[in-house]
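Please go over the structures that come below.
Each of the next two complexes has chain A plus one other chain: chain B in the first, chain C in the second.
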Partner chain A sequence: MRMTRQEISFTFDGRRVQAFDGDTYGSALARARVDVISRSFKYHRPRGLLCCAGRCPNCMVTVDGVPNVRACVTRAVDGGTVSGQNAWPSVRRDLFGAFDRLDRILPVGFYYKTFIRPRAAWPVYEGVLRRLAGLGSVRRTPRQADHATKRHMFCDVAVIGGGPGGSVAALAASQAGARVVLIDDQEQLGGHLAYSQATVTGDDVLNGLRGPEASARLEKLIRENPLIEHLPSTSAFGIYEGNLVGASRGDSLYRVRAKQIVVATGAFERPLLFHNNDRPGVMLASAILRLAARHDVRAGRRVAVVTEDDHGCAAALELASSGFDVTALVDSRPAASDQERSAAVRSRHIPVWEGATRIEVVGRSRVRQLRFDSGGGRRSVNADLVAMAARPEPVVSLLAQAGAKLVFDGSTGLFVPAECPANITAAGHVEGISDIAGVLKSARAAGTRAALRALGQPVATPARPLPGAPIGAAPPPPATRKAFVCMCEDVTVKDIKLAIHEGFDALETVKRYSTATMGPCQGKMCHSLSAGVHAGITGQSVGKTGLTTARPPFQPVTLAALAGPHLAPERQTALHDRHARLGARWVDMGEWKRPFIYTTVAEEYRAVREAAGIIDVSTLGKLEVTGRDAGEFLDWLHPNRFSDLRIGRVRYRAMTDDAGIVLDDGTVARLGPERFFLTTGTGAFDAVEQWLQWWLAGSRRDVQTINVTSELAAINLAGPRSREVIKRLTGADVSNKAMPYLAAVETEVAGVPAIILRIGFVGELGFEIHVPAEYGAHVWDTLMDAGHEFGIKPFGVETQRVLRLEKLHIIPGQDTDALSNPVDSGLGWIVKAEKSDFVGRAGIAALGSRSGRPLLIGFEVTGGGVPAEGAAVVHQGRPVGRVTSCKLSPGLQRAIGLAWVNPEHATEGSALSIRLGEGTSGTTTAARVHLAPFHDPEGARLRGGG
Partner chain B sequence: MSFLLPCPQCGPRDVYEFRYGGEAQRRPAPGSPRSTWTAYLYDRTNAAGVEDAWWYHRLGCKRWFRAVRDTRDNTVLKSTAPTVPPRDANDPPGD
Partner chain C sequence: MTAKPLADPVRRSPLEAVHEARGARWRTETERWPANFGQPDRERKALAQAAVLVEMGPLDKLLVAGHGTAAVLRAAGLEVAPGHVSPARHPGMPEVWGLAPDEALVLAADDALAARLIGPGAASARYGSAVTLLWLAGPRAPEILQISCPADTRLTSLMDLRLLHGPIANVRVTMARRDLRGTTAYTLAVPRDYAAYLWSALLSIGRDLGLVAAGLDVFEGAGA
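Moving on to the complex of A and B:
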C-alpha cells in the first residue's frame, strides 16, 4: 500500500534503516540493500528474502523482543528494534558460519550417531546443540498475553484465501445471500493480480482490467459489501471438526465456524534445486515482482531467471516489463515446450540457455554470478538476483488436512484435490486451474455453490475431468553438496540421498529422519519438492511417492494466541471489602477468594476458643431443594435419611456415589414440609448440583433445585460467648432450650431475614447465619460491633482448619480421595443400612468382603515437628499410610492431624512413625493414634448447654 | 475435538460448552450380584462407533440430555431431552 510516503526508521542489528510508512521490515531491508537477514538452522548459512509472502523461514527476525517474526509481511514500525537470529555476533558476521564447511562431518541425523556415548553426557551435548542450532530465543520473562484476543465468528461461508479466486468466490457467495468471512494472509486482496501486467478475463466484475486495477476493484467491492467480513493479514492454520477454521493474526485467534468452507489457497512457486540455491539474492520470481509492485523496491538490477518449465518464460517477460535487466533465462530442459513464449523472450534480447546442467550460484552473502553447463560449455552470467521460476503448485495442505483426497495429475505434474468432504469446496488455482479466466469461473461457481448449500439448497458438485495419466519416473536431482530442499531445517539433496541409503526409504520415514518439511514453513516451500527429490532418487514417479500427511498448523501460531487473554473468573463474597479493610491475606479456593488469615492463628484461635470469632462462609454451596418428593430424593442420594428430619432441624450429610465413594459433605436443614436447605463444601457445589440434576433428569419426581449460593451471604459465629453476641441482634429466643444444637430457624438477624443453623464445624457453640447477600456486610458489621465487648475477632480459613482438626472433623477431598468410603473415613455412623436402596448402598455393602482396608485416624505428633500433608507413615522402613492434614495446635502445643493407615496401626494409642522430609532419606518423627477428638470429646461445648 | 453438539434446549453449540457424562446404562436392581454392580461401575464399552451418552450443558441451560454419536467422526445422530431417569437409562432416549 503506497498511500503515504512518510519516512520512518528502525534498527536492524544496531544499524539504522530508513523506511517508508507502509513498508514491511522485509521491503525496507531490501531497499536498504541489507542482503543477509538470517542464518540458517544448522549450517548458519547467510539467508535473505526468498518468498516475500510470509511463507518461508528466511526472513525470520526478532522484533522488539518477539522472536521468529517474518520480516517480509510485518509492517515496519517507526523506532522498531529488529535483530537477526541464530547468529553470533550478528547475522552479517556469524562466527558459527564455519559450520557450513563441516557438512561432511555433520550429515543428516548426525546427532543420532555421534553423541550417543557416553549416555550420561547427552544432556551436555544437547545443551550445546540447542544453543548452536535453531531459531530465535524465547524471552526469559513471560510475556503478558493480556493483549491477546480470541474471537468466535459464525458465518454461512468461510473463504480461505483472498487472491482473485477467493475474492470472487466471496463475492459470488454474498450475491447468493450468504454471510461470508474472507480470511487472507496478505494485507491486500487480489493476490498476484497486484503485480501482474496481464489483462483479466473470466468474470464480469473484472473483465478488461489490468492486474493492479482488478486488485483494487476487488478490494473496493468487498469493503463495500455488508455481507462479507474480510480478515486481512490473517492466516488460516487449520480446518477442524465441525467446520471450524482456526486462524490467527499476531496474537489474535479467530475461531470461524462456517456452514461451508471454500478453500481458495491458490498456488505458489517453490524453490528449484541447484548449487547454492539458498544464497541471498536467489528469490522466487513472484517475490521479486511482489516487492517491485507493492513496495516499489528493486531487490537487484540484473536478474538471471532459472526454470524447468514454461513458467520461466512468463516470469522473464514479467520481470523485463517491470524494469529489470534480465540477463539470462536458464532452462534445465533441452527445449522449451511453449515455443511462442520462448520466441517472445528472445525477441526482448534475453539470452535463453537450454539444457542447462550443473547450475551454480557464485557469491557468498550475495549472488554475483550464475554458472551452468549449456551448449557444450561452461557458461557464466553476471547477475545480482536469481529468480527461481517454477510453475506455481496448488497449495493443497489445508484441503488435505480437512480430508480431501489428492490425486497426482500426470499431465501437469501437480497434486490436485480430487474429492472434497461435503462441507468443503476447492476454488480456483488450488484446483489445478492456472489461467486467470479459468480460476475466476471456477471460483464464482464454487462461491455460489457453497452459499446455496449453506442456505439449505442441495447442489451437485460438477464432475471433475480425470487427471492426466501418470508420468514416468521423476528426474534425478542434481548431484551437488549444497542444493537445499528444506530451507527451514537445512536439509540438502545429499542428506535425503543419505537417508534413503541408510534405509529410510519411505517418504514419511525420510521426513522424520531428516526433519525435511518439519520446520517453521510447515512444508510450504518443500512439501512437493522433497517428494520430487525422493521420487528422483528412488526412481519412482511422484504420483507413486505421494505427499506426506498434512497436519495443522499450516502456519505457525503464537502460544499467546492459543492461550488467549487470561480470563479466569474470580469470585468475591459480599463481605470481600470488609476482609480487605481488616488486612486479610487471601487464599484461592476454586474461583473464590477467601481470607486465609487476618492476624495470627494463635490470636484468632484464642478468640474462638475463649470468646467469639466470626468467619465468612458465604462460599459454601447453597441449594434449596423443594417439592413433594424432596425428602425421598435426598434419602435416595445419601446413606442417611432426611425424609424423617423434623422441620426446624439440621442434619449432617455426606453423599456417596454408587461405588460407595464419599463425594462431598455438608448439611441439610428442613425449613418446611417440602422445603430443604442444603449446603456443600466450597469447591464441590457445581459437581453436587450436576449430580442432583443428573438423577432428576427424565425423572417424574416432584423435586426442584435452586442454586442460592450467591444469593445468600453466610457468616459463622462461634465461640463460648457467641450466644451473647447474637442475642443482641435478634428477637428470636436463642436460648439452648429454644434453639438447641442442630436447630434450624428462619428469623431476623440485625433487621434482615435470616436462616440460623445451630452447628459448629470448629467445635464451639456456633451459629451459621445465612442472610441475603446484599445485607451481608451490614450483618457482619453489626456482629462485629455487638461482639466488641466480648472480644470478637474475625478468623480465616487457616485458623478454621486448625480448629476443626482439634475436633477431627474431616474435609472431603482433603482427607478423602476417589477411593474413600464413609465407613473407613470415620463416617460409618451416617450409613443407615436398613434403608431399602440408595446411591452407594451396593458399594458400601461390598466393603464387608474386603479386609485389611486402611482407616482414617487422628494422630498427635509426640516427637516434634509438623509433617507435611501427604507425608508417609512408615513402619520398619515400609510405608503403611499417609498424612492428609496436619497442623500445629495452639491449644495442645503440638502437631495434630489426620492420616490413612493400615488397620493394624489404627488402634487407639498405636505408635506411628511419620516422615518429615522428602523421599526415603528423610528423618521421621514419632506420633500416636488418637481416635477421639482432641477438643471437647464429649461435645458439651458444641451443644452449648446451660 | 471441535464438533458441534445439538443441545435439545439451546440448539447446536460448541462441544466445549458441555460436560461429558458417560455412557448411558441401566443401574442394576438392588440386590443384584456383585459382578453386575462391578460391570455397571467400572466396565465401559468405549465403542469405536455409535455411542449413547449423557451430556450436561455446563455453559448453557444446565440441563442433562442424551446424545447418540458416532465416536469415530463425532457425527451426532440424535440428541434428546431424557424421558427416563438414569436409574433405568438404557432405554433409547426420546421415543
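Moving on to the complex of A and C:
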C-alpha cells in the first residue's frame, strides 16, 4: 500500500489512537498495541486480529454507530469513533468475561435444556440471552437508506476474486474480446502476491517479478484495460439463477449479470486446533505477513509458528525474511515431509519441534508463551505472536452455491471442484492448485475459455485430473476444553463432541445444534475445520463426512444494501396539485394518491346533496375498445349485453370470471358503431386489461383495445345544480331531453375535447367528464370558477363512500369477495339469461342448485355506534354475517352500510346484531335490514328531470 | 348555442408543480413546460459534463394498436420495426416507435394523421397526455440508468435508435436511445401518473453523478 504517512487519529473505546492515512482501523490498533479488539459471542473471551482479510469475526467493531464493521479491512477515517461490541463496560475489561469460567455449565445447546420451564418465562430468558450474547447493537432510531445504492451491471465475463488467479483470468478474458467485471473483496489486486517474497515463474507477463512487483503490474494492467471494470473492496456474496452475481460494498449493492462467471476465490489459511487458539496474538501466518507488507505494522516481535503440514516451513521462512524473530516452528507431524525446506528453516537457526502434541497458548489478553509436548518432554517457547500456518484451502463456497460438484482430494486433504455448471469456470487456487505457476496457467486458460464461451464460440471443457485416493479416518481432534472450531459462535471441539454424543451425529445436524459455521464468517474459517473435527470424532474420513450445504450470503450484507434507496412508486392524477392546494388529506389506493377529504364529510355531503360537488375520478381505469367485433366481444365478457347499446348511451357493467364471481364493475359507453369506451374500478384496471387481452388472444375477433387511463383525467360533477354549472362551459345541449340519464356525448368542456357520461355513483344528477389529462387542471379550475355561485365544493373519497352507501351502490373488492356472484350481490338484474353464452354463465346458472347462500343487504344501525368494516353480524351469539361497508350518514344521522348475511336474516326489516368491538368480547348494536336505497329510492334525482 | 369558455385552455405538464417549486421559467403561459430553471449555463454545462433531465413537451402523440398496425402505418408513409425508433424522415413527418409487433407510438402527430391511422385490424387513440417523455442525456446518463434499471442498458446493448421496455426506479418505462450530435441520450416514456415520482427518483439517484434538472432550451440547444 502506498502510504502517504499523513497522520490521522480516531478513538477506540474512548482512547485516542494515532494512525496513518491508508491504515485500516485494524492495522492502526495493531500498531498502537491494542490487543483486545472484540469479545467472543458466548464466553466473552478477549479476541484480537486473526485473518486481517475481512473474513473472520474477531475484529468486528462499531464504527460511527454502524455495528459489525470489520476493522481489519475498513479504512481508518480521521476523527472516527470506534467502539468494541458485546462487552461491558469495555472490551478490555468486560465483566461478562466471567462466562469463560462457566463453560462447564454452558455447554452447546444449554439454553434448549435450561430455559424451557416455565414456558411462559421464555420471552424473559430470550431477552436476557440476546443481550448477553451477540454482536453489535443496531441503532434504535430508524434511518432512511437513502445513501444506499443499487447498481445493475451486465458483462460477458464476471471474475470473482482479484488475487493472482482472478486478475490474470480477467486479463485473459479481455484479451479474447470479452467485457469483464472483476469483483474483489480487497482494496488492492494481487492477493497474497502483495506480501509474498517469492519470485513469480511460469507466466509471460509476470515472469521473474517478486510478489509485490507482480501485484503492482497486475493492478496497472487492469486499471489501464478499458474492457475491465474493477470493483475493489466488494464482496461477491452469492451466485444466483440466471448467472446473477450478488455483490456488495458497504451499503451499495451490485447485481452483476454475466454470460460466464469465473470463480477465482483463491485459497485461504484456516485456524489450527489447540488450547486457547483464539487468544489475541494468535493469528494466521498470512495475516501477520499482510499487516507487515501492506501497513508496515509488526503485530508482535517474537513469533512461534504452529503447523501441521509443509506450509509451516514456508511461513516460517517468509516471516523470518520479513524481519520477525521466529522463536520456533512447532509441527504436529512426527517429521516434515519436505525435508529440504525443513533444513532451510533450521539453517535460519529456527528451532523446529516435531511431533508436537498438547499445544497450548499461555496468556489471557495477549500471547506470552507457547507450550507443547515434544521430544519426550513439556516445552515452552516465549513468543508474543503465534502464527497458525495451515495449508491454504480452496474457497469453494461460491462454487458450491452455484452447483459445482466438490470432491475430497485425498492426496492434499482438500475439497476441490470436480465439475462446474456450464456457465461457471473455476480458476487458480480454488481448483486446488498450490504453485503460483500452475495457478497463473489455470487462470489464463479459464479466462480465455470463459470469454470465448461468452462470445458464442464453442470451447471444450478440459478433462480434470482425478483427485487423489481417499485417505483413511481423520485423526481425532485434541482433547482440550478451549480449542475453538468456530470463532464466530464460540463452538469448541468439546461442544461438537457433546453434540455428536447427544445424537446429532450428522454434520448438518451438528451444524444446526451447535450453530458452528452459521456466524458472520459463514464458515470461511471453520467450514472444513468442523468437518475434520466431526470426522475425527466419528472415526470417518473427511471425504465421507463431506461439507455442509453452502448457501448465500457468503459474506454478510447490510440490510440497507439489500433494501436500497426508498423507491416506492406513487401515481398522481393530473389534478394532484389542485387537491394539495385545497388542503386535501390523502389516502393511498394502491399506488394512487387520492384526496380522502378536504374539509368535513358533513360539509362536502351537503354540497353534493344540496348544490354541486366535484370529485377527481381520474383513477378509474379507461379503455377504448374498437373494431367490428367489439360489441360482441363485450357481450361475451359480461352477463349483460352491449352489442345492442345505442350510440351515445352508457350502460352499467359488472364483469364475472368463469365461475361467475364478480371481478369488477364500471360502465360501457358507445361512442361509435365500432367504438366503445369502457371504465373500470380504480384498483381493477390491470386485471381487467389482462382479462380482455387473455380472451382476445387467438380469438380471431376484430377487436383492438387501447389503455387510455393515463390519457384522460376524469371529474365527476354531481348535485342538483350541476347542470347549471356545466351549462356554462359547453356548447352541448345538457338539458335532460338532449342529454338524459345514461347519455354519452363527445363534445367540448371549457374549450377542451371531452366525453361526458350522464351517470351518478353518488345518487344525484351527475356528469362524469373525461378530458385529456394535460387539460385536466384547466377544466377543474374552470368548473370551480363556474360553480362558485352555485356553492360548488370538492369532495373526497370518504364523502363519496357515504353518498354511495345511501344508494346502496356496491364497490367490488370491498363489498364482494372471491365467492361473490352478481345475483347474491344484488346485481341479478344485469344477468341476461337469454344470452347464448358469456364468461361465467355456467357458474351463475349453477347457483340455483345451491340454497342457503349469504346475500348482500343494506342495513341501518338503530342502536347507535358505527360498526367497523369486517364486523361480525351475530344472531343469538353466533355469527350469521359480516359488514363490508359502514359509514355515518350526515343526512340520516345514523350509520348505514352493507353486509353479507345468511338468507334467513336478509328480509326487509329483519333485526340484526352487529359487533362493535374486536373479537368475540365486544358489545353489539342493533341494526335493521334495509333493502331499498336510503336516498332517492325512485331515482328521480339521479335521472335529473327538469 | 355555444357557451364561451371562461378562460383559454391551458395545457399543463404533469410536473408543473414540481417545476414551479424548482424555479421554472415557463416557455409560454398556455403551455406550461419549463424553458430553463434560471441557470441555463449550469444546465448546459451539466449536459456537457454530467447529465441532464428534461421534460419534453408539449407533444401530441398517437398510439396505434392492433394486428393491422404495420399496414396502416405503411399506408400513411410510415414504417418501423418492433423495438426500433424510426426518426422523422423530414420536417412534418413524425417519429415512430415500434413498441411491439402490433403497437406503435407516433410522436408529433396531428389530427389529419390520426384519421389516417385507422384501418382494418388497427385503431389509434390520442396519447399526448398518457405518456410523459423525459430526456436523460449527457456522458453520465448511462451510469444513471445502470443504477436505476435492472435491464441491460449498456451502450453496446441499447444502441442508438433502439427501444427497451424495463423498470426504472420500479416504474415500467419505455426507453429509446436517441443520441444527438455525439451526446448519449435517452428518451424515457413513462405513464403520466408516474411522471412526478420518476422525475424525483431519477434526480435523487443521479445527484451524486451530477444529474441536473434542465429545461427545453438545453434540449433544443443539443440539436433536437
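Simple rule for what comes next: the second predicted complex is superposed on the first by the 945 of 946 C-alpha atoms of A that agree within 3 Å, B and C clash if a C-alpha of one lies under 4 Å from a C-alpha of the other, contacts with A are read in each partner's own complex, and residues count from 1 in each chain.
The rule is simple: a residue touches a chain if its C-beta (ideal position, glycine included) is under 8 Å from a C-beta of that chain, and two chains touch if they have at least 3 such contacts.
All of these numbers come straight from a predicted model, not from anything done at the bench.
Asker: Go through the superposed model and pick first if A:448 touches only chain B, second if only chain C, both, or neither.
Answerer: After superposition on chain A, A:448 lies in contact with neither partner.
Asker: Output check: A:842 vs chain B and chain C. Expected answer is one of first, second, both, neither. What do you get?
Answerer: In the superposition, A:842 contacts chain B only.
Asker: In the superposed arrangement, which partner chain does A:86 touch: chain B (first), chain C (second), both, or neither?
Answerer: neither
Asker: A:705 contacts which: chain B (first), chain C (second), both, neither?
Answerer: A:705: touches chain C, not chain B.
Asker: Tell me which of chain B and chain C touches more residues of chain A.
Answerer: C
Asker: Touch check for A:697: first (chain B), second (chain C), both, or neither?
Answerer: It touches chain B, and chain C stays clear.
Asker: Counting only touches as set out at the top, which of chain B and chain C does A:576 meet: first, second, both, neither?
Answerer: second
Asker: Identify the residues of chain A that lie in both the chain B contact region and the chain C contact region.
Answerer: Residues 152, 257 of chain A touch both chain B and chain C.
Asker: Please give the residue numbers of chain A that touch chain C in the complex, ascending.
Answerer: 146, 149-154, 179, 255, 257, 565, 567-574, 576-577, 580, 592, 624, 626-627, 702, 704-713, 727-731, 733, 750-752, 772-778, 781-782, 785-786
Asker: For a test of understanding, state which residues of chain C touch chain A in their complex under the given definition.
Answerer: 1-3, 5-14, 16-17, 58, 63, 65-66, 120-131, 146-147, 149-154, 156-157, 169-171, 191-194, 196-198, 201, 204-205
Asker: Which residues of chain A touch chain B in their complex?
Answerer: 152, 240-242, 244, 257, 658-659, 689-690, 693-701, 836-837, 841-843, 846, 849
Asker: Where on chain B is chain A touching in the complex?
Answerer: Touch residues, chain B against chain A: 1-4, 14-15, 19, 21, 27-28, 30, 32, 34, 37, 40-41, 54, 56, 58, 62-65, 73-74, 81-87, 89.
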